[in-house]
Every structure is written in structure tokens, then in C-alpha cells.
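For reference, the structure discussed in these notes is given below.
Letters A, B, C, D, E and F name the chains as they come in the text, with residue numbers starting at 1 for each one.
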Amino acid sequence: MIYITRKEHFNAAHKLYNTNWSEEKNLAVFGPCANANWHGHNFDLYVTVKGKPDPETGFVMNYKDLSKLVRDSIIERVDHKNLNLDVDFLQGKLPSCETLIYEFWQLLAPVIPRVAPNCQLHALKLFETHNNYAEYFGE
Amino acid sequence: MIYITRKEHFNAAHKLYNTNWSEEKNLAVFGPCANANWHGHNFDLYVTVKGKPDPETGFVMNYKDLSKLVRDSIIERVDHKNLNLDVDFLQGKLPSCETLIYEFWQLLAPVIPRVAPNCQLHALKLFETHNNYAEYFGE
Amino acid sequence: MIYITRKEHFNAAHKLYNTNWSEEKNLAVFGPCANANWHGHNFDLYVTVKGKPDPETGFVMNYKDLSKLVRDSIIERVDHKNLNLDVDFLQGKLPSCETLIYEFWQLLAPVIPRVAPNCQLHALKLFETHNNYAEYFGE
Amino acid sequence: MIYITRKEHFNAAHKLYNTNWSEEKNLAVFGPCANANWHGHNFDLYVTVKGKPDPETGFVMNYKDLSKLVRDSIIERVDHKNLNLDVDFLQGKLPSCETLIYEFWQLLAPVIPRVAPNCQLHALKLFETHNNYAEYFGE
Amino acid sequence: MIYITRKEHFNAAHKLYNTNWSEEKNLAVFGPCANANWHGHNFDLYVTVKGKPDPETGFVMNYKDLSKLVRDSIIERVDHKNLNLDVDFLQGKLPSCETLIYEFWQLLAPVIPRVAPNCQLHALKLFETHNNYAEYFGE
Amino acid sequence: MIYITRKEHFNAAHKLYNTNWSEEKNLAVFGPCANANWHGHNFDLYVTVKGKPDPETGFVMNYKDLSKLVRDSIIERVDHKNLNLDVDFLQGKLPSCETLIYEFWQLLAPVIPRVAPNCQLHALKLFETHNNYAEYFGE
């Protein structure tokens, strides 16, 4: 079993704001991340797939196919978007790094084996800043 | 003459949109950067000051003083903000990387010599993404 | 279960020197790391916590709270210090990357659940140079 | 159990080309990676070893010994080489990132415990570009 | 005058070998870079253009236009190629980092002002490895 | 005229402490950098040389020769050392980033043209942390 990872990138705006709370509570919990008019990030997404290399190609999965799948399933839907307003699968959710990675998993895990039958999504890792990232392994 | 550089960081939302143009022209010129609901970036700002080291400290300027000056003059006013809506000195301007760096210079150049009398601002360098940055040298 | 990671930083001096050994043996084993007058590093510490995101915040644990906890428990006690001489919890220990990470775990693991009741420390990763790092998972 | 990692580096040429296939099929599957006259990469190899720190040194394994072992076993045989033509242990194999990491494991896993009796190779991670890497854990 | 920089990337094989010299002299001067069967690199190319921002766009030059120009003029002709064998504008030249950057300048400097009339190519910077790069300013 | 840059690395301890001042004044000016028992850094040194490429090699100067020169002239004398105590050419000087780079220039500038007659040292750039660096151009 070998693990391959592809890095993709997107830029987006968001805010962390719980609409059930007062403005004061939002600022107390989320600080400047609750700014009404949004802020944003350069997000780096690392997608790890595991499988056995195909002896005819040497590949667990072609990096280019993996890149295309991630772009079609995720990046096109979030790049240069407002994560609170513009993204259907995030409607009504708090777009924290943790939420994003969990929702990205739901989108990507089922489609990997359709394109690469002997492969599985193993991990997602999402950098929000140089200093903060979240990881999810599907369970 | 020695040059010292301090890196600071901020996260912000913006869009590139010329209000004198049609929606179509904005999309044609700015592409997804014109998204109505904003997008955002992690910005890295490199500030370079030149001067002669003080023999008593070995410093052109104390990195901590420089950091504080940049944070007070610039970072606090743009971090976790919407650059189109929330920032007084950017009102009515297109917040491209070039515009930002030019306006940051206007704020920072006069205050450096007040704090460090023998120093001058030499350069600003602003990364908008891993792949794009702008520089300004004051002329 | 989602994993979040926060990166913190400190600068410190140390030497690798076993006081039960001769000077010659120390130099043979530790090379220039045994230099009597110390050397030093910029250390990058990655702290990974696991837990379930709180539906009200979208957070496993607030990155800012995690940062504060790591700074209070570890960084303040080692930053700009001599790891052999100045740090109480390292007295009489060889401050290798492995020792540091093990001792940091003892300090940090108990306090995480006090601040974030549903979270656990999952991993520590400590870079001593660009090319060398150690990891510990608590067992 | 503590895990230590050492990063090493090599530059090499290769191509991805299945000699049982037509030129067309090779180009369809491997794209520009099948270029007849080769292309190349700067490869970064991360080698992770696990063990208990020796109380006399504080080391799982001396980073310098690990570096020397990786250089002698792997780097010297692939650095500034053509991976398809010049490397005996890759003869007749498709030198994908996955193949390389699997073959590197076969070379390195047996020699680690000979040099460091209480240590085991835990993981290899090989970056082919900034955006693509493979990992292997020996099973 | 503001300077904007765009980073592009390519992978290629090459060797450093002077055909007027003996094998021995080539090895003495170029070391493993003279390996008969080539080696290769991930090259990072930074392209800096200077000009006045257009008040209607805030841009010295649209980063996307600059990216496209660099890809069309340079990257497509060298990416996944053998720099000694496959590239017409390098025929008969020693493809050192210095040679590459000088030849890239000849290709790119004339086309910048055709696309962006008020702009000029200011600098090219080419990383061959993490530790080595060359720069050229056109004179 | 082409500029080539080589990156080298060293680890060292130092403190910033003016022996003509009181303890209080040292702490007020230098903060934790004045810690009596030292602290330390991983320093990255970028050395830029300018010259015309030799048509027989394509090189301004062989990167390996440049690396050896920098290691022999500078790195061997400061790596794994205490910059206040162990380094002859820094005796009695405040080892700030600015002082280091100025003193490194004095050592390196004269020897470059002896090894590479048509080359000159153009710039030194020294990173003390990820966020702070100094540059010197010889005047």
C-alpha cells in the first residue's frame, strides 16, 4: 500500500459568525474572524490517496487524474468564492477549517474509487494560514 | 548602508471591480477576482529599511520597533478586513496588489525616520499568493 | 474525529554533552554539537490536537486558545533561553530534539483537556533545522 | 517510541514509458512525462526512523549517522543519474515516485537496525515536485 | 514605477558537457553534472515586470496575462524537455542556469511591451535547486 | 552581467549585550536577546556574485567553487559556535545580523576575485529567523 498526495490551492473569503448568537458573543469567540464584511485566505489542500501501484504504469493513481478530480469536485466550487454565501454544499454551516475539510471529504471520497477502482481517499489536510491546518481521515 | 527586512502578515477579503464598468467587462478583465461576494488572501508583507548600524546596538533599527511600527501603521488597519469596504485609506480605490503597496508606502515612509532618525524606508514587497507579488521603492 | 495543528516558534541555545563522558568521547559522538560555548537553533513546533468539532463554533478547539496554551506552557519557558542552563524542566537532561519533544508532551498533554474538555493532544513535531525533526505521539 | 526524520536531496532525470505499449498509448497515459529524451526533478526524500531514545545520548539515532546511511544506501546511487538507465536496482522498472519509494525501502529497511539496533525504518516520503509526493510505510 | 513578479515552474533534463573537451576535463569541471545520461531539475522562474499601474485596473500588468505570456514564450518550450536536445533556441549552448536565463530574456523582453505597452521586463530569476539561482537584468 | 546566488547555512548561539550598559538598559533595548546564557538561531546566508558567464562553461562562477569558498571563509568559522565568544573576527563586537553581514563581507569580498578573476561579490543576505533578514551590498 503506497500513499500519494497532491497539493491544490484556492483563494476564498469567509467569516466565522454564529447567527444564533449576539454580535458581542461572536466577537468574543471568533475575534476578528467574525468581521461583518469578511476576510479571506489562500488555502492549500493536500489530498492523499492510498492503493497499490499498477505494474503497467507504476502509479497508485495518475497525479494528473487526481488533480483533475480534486479541481472538478472541490476547487472549482470554492476558488475565488465567498464560503458563507456562494457555495451550495456549505449553506448554513460555519466555514471553519474543520467544517471545510469534513465537507470536502464527503464530496471527494465517493468519486476516487469511481475513477481509480483500487484506490481510496486516505487523508485531507487543509492549510488556512502558514500556522494553522486541519486534517481528516474519514472517521 | 545596510538593509534590514521584517516580514509581517495579514489576512483580508477583497474584489477587483471597476464600478465604472459593466459586469461583463469586469468579468472579462478581472475574471473570478471580480466575484461579487469577494474572495481573499493571506498577504505577506516584507518591509525593508536602510541605514547605518548604530555602534551601541549593532542595529540599523531594532526589528521589534520596526515590527511594531508596521503593525500599528498598516497591519491593524487591514488584517481580517474587507479591503474594499473597511479600510479608510483605500476608499474608492481598486485594491490590487499594486494599489496596496503604493498606499502602504504613503503611510509608512514618513513614520520610519520619526522613530529611527537615520533610517529610510527602502522597499515594500507584498505577496498576494505563492506565485504573485508586487514591489515598490518609492519612486 | 478531526485533527488540528498549530505551529509555534522559539529560538534557543543548547549543547549536546554527556557530563559522564570525557571531552573526547563527547566530540566523537556529538561532533560540533558538543561545542563548550553552545550553539543554537530556530525551533518550529507543530502541535496537533484531535477532537470532534463543536457544532456551535465549527472548531475542534479555537486556534487562538491552542496557541495561547502552547505559548504559556512551553514557548515562554524556552524562547530565547539556554536549554541546558535556563529551563527548570530540562535540568540534568540532554536537550536533544527527542528529549525536548518528550518533555513538552508531559507539560502539554494534561492541560489540553482542561481547556478543551473533548480534545486530546495527538502529536508534537519539532523541527531543529530545515533537515531534522522529531515527532512524538504519547506512547 | 519517538520518530525522527532526516531530509535528503537528489537531482535526477527520468521518463515514464512502458516499453510494451505504443508511442501513442504512452503519450496518452503519461503525457509529457513520456518525452523520449527525458525530463528531470529535484527530489526531496524524508526518512523517518522510530525507536526509544538512548539515555546516554538523548538520540533515537544520531541524525548524522542516519544522513550518512541514506546517502550511502540511496542518494549516491541516484543523484545526478538517469533513473531509467544508470541505476542497477531500477533496471526494467517504471521509475514513478511510487516505484522509487518502494525500491528505496528495500535498500534502507534492512540496514537501519544494523547501524542502530533498536531502531526501525518507519516511513519514506518522496517529493517529486512541490505539488506531488508519495509515502510508504513498509506494508 | 511598481514592479510585479510572477512565478512559473518547469521540469527538465540537462547535462553540462563541453563537447570540445575530453571526458576527463568535463568530469573535472562539471562533476556529476556531466553525467552522460543526463540529470534534471524542478526549475522555478520568477519574472519581474515594471510599469505604472493603470488607474482603471490597478494593474501594472494583469498577472494572468503575464503568466500566459511566460508560459507561451518559455515554459511550453522547456517543460518536460531535455534542454540539450529538445529546445531549438538552446541548440549548441551549454544549458547552465546562466545560459538559460540569458536566453529566456531574449525571448521574453521583446514581447512584454507588445502585450503591455507601458511595461518592461525588469528581471528574471531562475532557481535550479533550493540552494542555487541566477538573475539577469538585461545588461 | 549575470548574478548567481548560493545559499549556505549555519547554526550558532549569541546574545545581544552592550557591556558598557547596565543590565537594565540591556534588557530594555534588547529584550530577551540579552539573555545572559545566550540563545541561538539557524542562519541562512545567501551569497550573490556577479560576472560574465565564461563561454566554455556557461558559468559566472562554478556553484561548487562558490560554495566551497563560502564554507572555508565563513561557515567553518561560525557554524556550531558562540558568536560572542568563539569567533576571532567578531571579538568585541555586538553580533547583530547587521554586524555579521558586514564582517562576512570583509572576509569574502577579497577572495572571490582571487578564485574567479572576473567576478565580484555583489550582495550578502542573512536570515536570522523566518521573519528577519539583513542585506549588504558593500557600500
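Rule of thumb we're sticking to: a contact is a pair of C-beta atoms (placed from the backbone, for glycine too) under 8 Å apart; a residue touches a chain by one contact, two chains touch by 3 or more.
It should be emphasised that the depicted structure is a prediction, and the values quoted were computed from it without experimental measurement.
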| item | value |
| --- | --- |
| Partner chains that chain E and chain F have in common | B |
| Chain whose average C-alpha position is farthest from chain D's own | B |
| A-B, B-F or C-F - pair sharing over half of the E-F contact pairs | B-F |
| Geometric centre distance via CA averages, chain E-chain B, whole Å | 28 |
| Separation of mean Cα positions, chain F and chain A [Å, integer] | 42 |
| Distance from the mean Cα position of chain F to that of chain D, given in whole angstrom | 34 |
| Multi-partner residues of chain A (each touching 2 or more other chains) | 31, 130 |
| Chain contact graph, described as a line, ring, star, complete graph or other shape | other |
| Touch relationships between chains, expressed as pairs | A-B, A-C, A-D, B-E, B-F, C-D, C-F, D-E, E-F |
| Contacting residues of chain A [partner chain D, same complex] | 1-8, 48, 53, 56-60, 62-64, 67 |
| Chain E contact footprint on chain B (complex, rising order) | 16, 18, 20-21, 29-31, 93-99, 101-102, 130-137, 139 |
| Chain C-facing residues of chain F, complex | 9, 11-14, 31-33, 35, 37-42, 79-82, 85-86, 129-130 |
